[in-house]
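Listed below are the structures to be examined.
Next, two complexes with subunit A in common: one pairs it with subunit B, the other with subunit C.
== the complex of A and B ==
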């Protein structure tokens, strides 16, 4: 059972803000989704290797050789805010 | 009541690769801000990470050196959090399937602490178990001041974002700040021997967080742990842990409850402070990184890396003690840094007198280097120069006393001992007739003292030695002088 409190927590983590009625609606919808996916719980998985990827691939590796980087001036030109080739953000410590 | 500290360390080591973990940007330290960035490490839409093979190899090498078990298919995961140093909004790390699990380090300790470990006293070791070693990428660097118009702003340099790291997590097996220091020093020396990390704590290529708790002596249950961060030297790691132990014991004694939290070490007042901004409990929502498939490491690769492992400090120290008959202490200091051990081994490869070489390196060379704040890599004395001087001592061409003077000059100028001796005309007098002549002169000058000596005042022997040395400017071979003087005085 997904509670409204959990929905609030998820919204907070995703940096999303919702109205009161939306919260209520999402709580109900989340519960329906979890119930639907819950059908999977009935499948017997004893002894089955966990899958973290659906496609069997061999790890593609990159050799440790340097390549070109971006020109910092060009990057700063399109950055929301920049000073002396640093990105500028609101202060994150007091 | 007596309390026992319980300490576990989490060490991040920056791997010495040319390029970042998932893109081909260089990893050079000290580059101009934001000059080593590309769409991948900036997390621009549509980019995909491609794993650096050498990162994995370095991680395997480290895990093998610490006796860890390498996973045949480990998995990268996304660790999600919002902070400006993290361009993608998540850090690519490993979570429930790390590259390696288990392993251990045998640290030297003065504390006899069964059941794990061997012996007591000098050379006693204690086994500190590892939980895991996993791979991850570094975050960018935040700067909060020193830039004009910086009020209310922080500044981000993403050069470090995506630089490959390994995290080495210990079990809570450490029991004192000294043991934590000992563990960290050994760990650093091993990664330096492996040549996977330069181990520079000041530049941040080796970083250490400590989990510290205390419990009543004899208790099996762990106390509430506090994570201490922000130490950038061995000294500060030990000081921060000691501070935290004292703080917790005092708090418990005062009837307070220890709060599980993260605290920052501040070197200036030498205190730890609670991190106020981290009030919300973290929820990293780890999940497998869909852009990277599992890291497959086959047995052939592991075997190849294993075969390429160098001799590690432990084994080297044992060899120095057993095969070269050095004292345990001397061997430990020599192997504590790969460059010192290399210097020593190069020296004895040229002139094979290990005890002598060890003494000169430990007592003279390291002292001078320390005074100047230089590393042995920047020494003007090369193994060749030291070996040459040791050979002169061994051949009797230079007394130990003269050698100290000569060595100072070798150290300062980088000139060879042979050339300095020649220039100064300091060659040791080993010619017996020349020494005998000086002895005769000295005895003739002090007939009264000779008489006193013969009457039983044997302490005067030192006086005669001193006079002969003075007359020869310290160049008489001491053994020959002693023998000749004894013969002459007893005749």
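== the complex of A and C ==
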């Protein structure tokens, strides 16, 4: 059983927050999901290699050459708050 | 037959023969949208003006015989998960409510290059997380066969738009069934290609090892025509596979004679709707009559697929969605005193419930102390699921199953129970975990007139065979020719 306190800790890691009223229902749903995926613990997997991608992949290399890229102005235009070519955010350190 | 009732293939032929212009075709579809969209709500954004411009440009190309392809002048719809330069791309989320990407996704660019006309961006479950389209921030999509029913998800807007005659074909994405399940529930065709076949560049990431783009259309050939343009190696996607692509139409008439078709016993289990089972059994009989050899196969780890998926997909999602922090693009919550508060408020207000649930589960599964028990364990069982398919494909050339355990369910029916909702994908998830291609084709209707779908799963990169078998099935059935009543209203 995962406690409300642990959920709060996970929410912090995920940079999310929940109101008191959301928290009760969320904790209950979360526990049901953990129980649901818990059935995997019954599968014997000793010595089985994990699969991260279904298709075998190698890191593709390319030549170290400059090519066309996005226009920085167009990129900054979609930012919520930008000054010249910088993203502006609230204070990081108080 | 009115223009909006044509299949993509028929529309394309009329354009090539110059019996209809792209402007006429596009106008007819826009009129159709005007008429039925208020009932269906398939689109988040309509791009009427640019569609007409593209139609005029396509007509010029057709007139001059300049770079004409089967898609030149054909109006299509694009799931709102694909980045479209300068056109709102929300991914069904509030957190991207104002995002106009500065670039096109590779598949969008390829379709434009082929001369297709983009009508707009289709509604979807938020970040493609859902099986009913009910998690969209932009409202529910209604199934054209019964407006009280869900269209399936997450490409529910794309499927409903195709079924309701609001486009000739649409782009979707499929992480655990999100093309095939809505195709099945809306009575159309949808294919998820092999992982690596279609570029993911500019396709907003949900679970990167599972996501794959693909087309939805009324007929098998429609999907083949669209997929032909979408596939091929893309250096901008490091998981895109540099493999030759066959011409899907060249041998589409080949039929199923002497093909070995595997039927996995694990897909006909308790809980499957009897009408679904009956329709699928009948479809298997049809394939047999067409000359296929029917073989029983076993995929013993099938019952673990959903649990594997609900660890792997949320884990990858929790990492992929970390980028939505209110800094570079999208929604930002105002009034935060410091950066941490800004992140937390932005994400808590910007994401809907289902997305938050999955980010939380993924964060938990990847967190220190739980990684081996959940994420690694799920990856190991994923290997076992893949091996099941390898073994089955030693005995057969393709596998047939139902696409969805039930027909379309009622709006709101499963919305409050996440686990029940997750179980609507039990037949489609394994295909993504194993990276295989899968197609859903209409195979009947239940007594209430709701469409049912047959799923065909193939060996990696064997999309061509799926098209051949699905096409052969289509030639001797007429389920795909039925149109919802809303179409004749």
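Note that the second predicted complex is superposed on the first by the 80 of 94 C-alpha atoms of A that agree within 3 Å, B and C clash if a C-alpha of one lies under 4 Å from a C-alpha of the other, contacts with A are read in each partner's own complex, and residues count from 1 in each chain.
FYI, a residue touches a chain if its C-beta (ideal position, glycine included) is under 8 Å from a C-beta of that chain, and two chains touch if they have at least 3 such contacts.
Bear in mind the structure is a predicted one, so any value in this text is a computation, not a measurement.
S.K.: Once the shared chain is lined up, is A:60 touching subunit B (first), subunit C (second), both, or neither of them?
M.R.: both
S.K.: For A:33 in the superposed arrangement: first (subunit B), second (subunit C), both or neither?
M.R.: A:33: touches subunit C, not subunit B.
S.K.: I'd like to know which partner A:1 touches here: subunit B for first, subunit C for second, both or neither.
M.R.: In the superposition, A:1 touches no partner, neither subunit B nor subunit C.
S.K.: Taking the superposition on A as described, I'd like to know which of subunit B and subunit C A:48 touches: first, second, both or neither.
M.R.: The answer is second: A:48 touches subunit C but not subunit B.
S.K.: Is A:15 in contact with subunit B, with subunit C, with both, or with neither (first, second, both, neither)?
M.R.: Both partners, subunit B and subunit C.
S.K.: Is A:70 in contact with subunit B, with subunit C, with both, or with neither (first, second, both, neither)?
M.R.: Touch partners of A:70: subunit B and subunit C.
S.K.: Counting residues of subunit A in contact, which comes out ahead: subunit B or subunit C?
M.R.: Partner with more touched residues of subunit A: C.
S.K.: In the overlay, answer first, second, both or neither for which of subunit B and subunit C A:86 touches.
M.R.: Only subunit B; A:86 stays clear of subunit C.
S.K.: Show which residues of subunit A both subunit B and subunit C reach, each in its own complex.
M.R.: On subunit A, the overlap between the subunit B and subunit C contacts is residues 13, 15, 52-53, 55, 57, 59-60, 62, 70, 75, 87, 89-92, 94.
S.K.: Quick one: in the complex, what on subunit B touches subunit A?
M.R.: Of all residues in subunit B, those touching subunit A are 17-19, 23-26, 32-39, 42, 50-56, 75, 80, 82-84, 97, 142-144, 147-149, 152-158, 276-277, 283, 285, 288, 290, 293-296.
S.K.: Per the contact definition, I'd like the list of subunit A residues that touch subunit C in the complex.
M.R.: So the residues of subunit A in touch with subunit C come to 2, 7, 10-11, 13-18, 26, 29-30, 32-34, 36-41, 43, 45, 48-55, 57, 59-60, 62, 70-71, 74-75, 77-81, 87, 89-92, 94.
S.K.: Applying the document's contact rule, which stretches of subunit A touch subunit B when the two form their complex?
M.R.: Listed in rising order, the residues are 9, 13, 15, 52-53, 55, 57-70, 72, 75-76, 83-94.
S.K.: Write out the stretch or stretches of subunit C touching subunit A in their complex.
M.R.: Going by the criterion above, the answer is residues 98-103, 194-196, 209, 235, 238-239, 241, 301, 304, 307-308, 310-311, 318, 322, 325-332, 336-345, 347-348, 351, 356-357, 359-361, 363-365, 367, 373-374, 376-384, 386, 418-419, 422, 433-436, 460.
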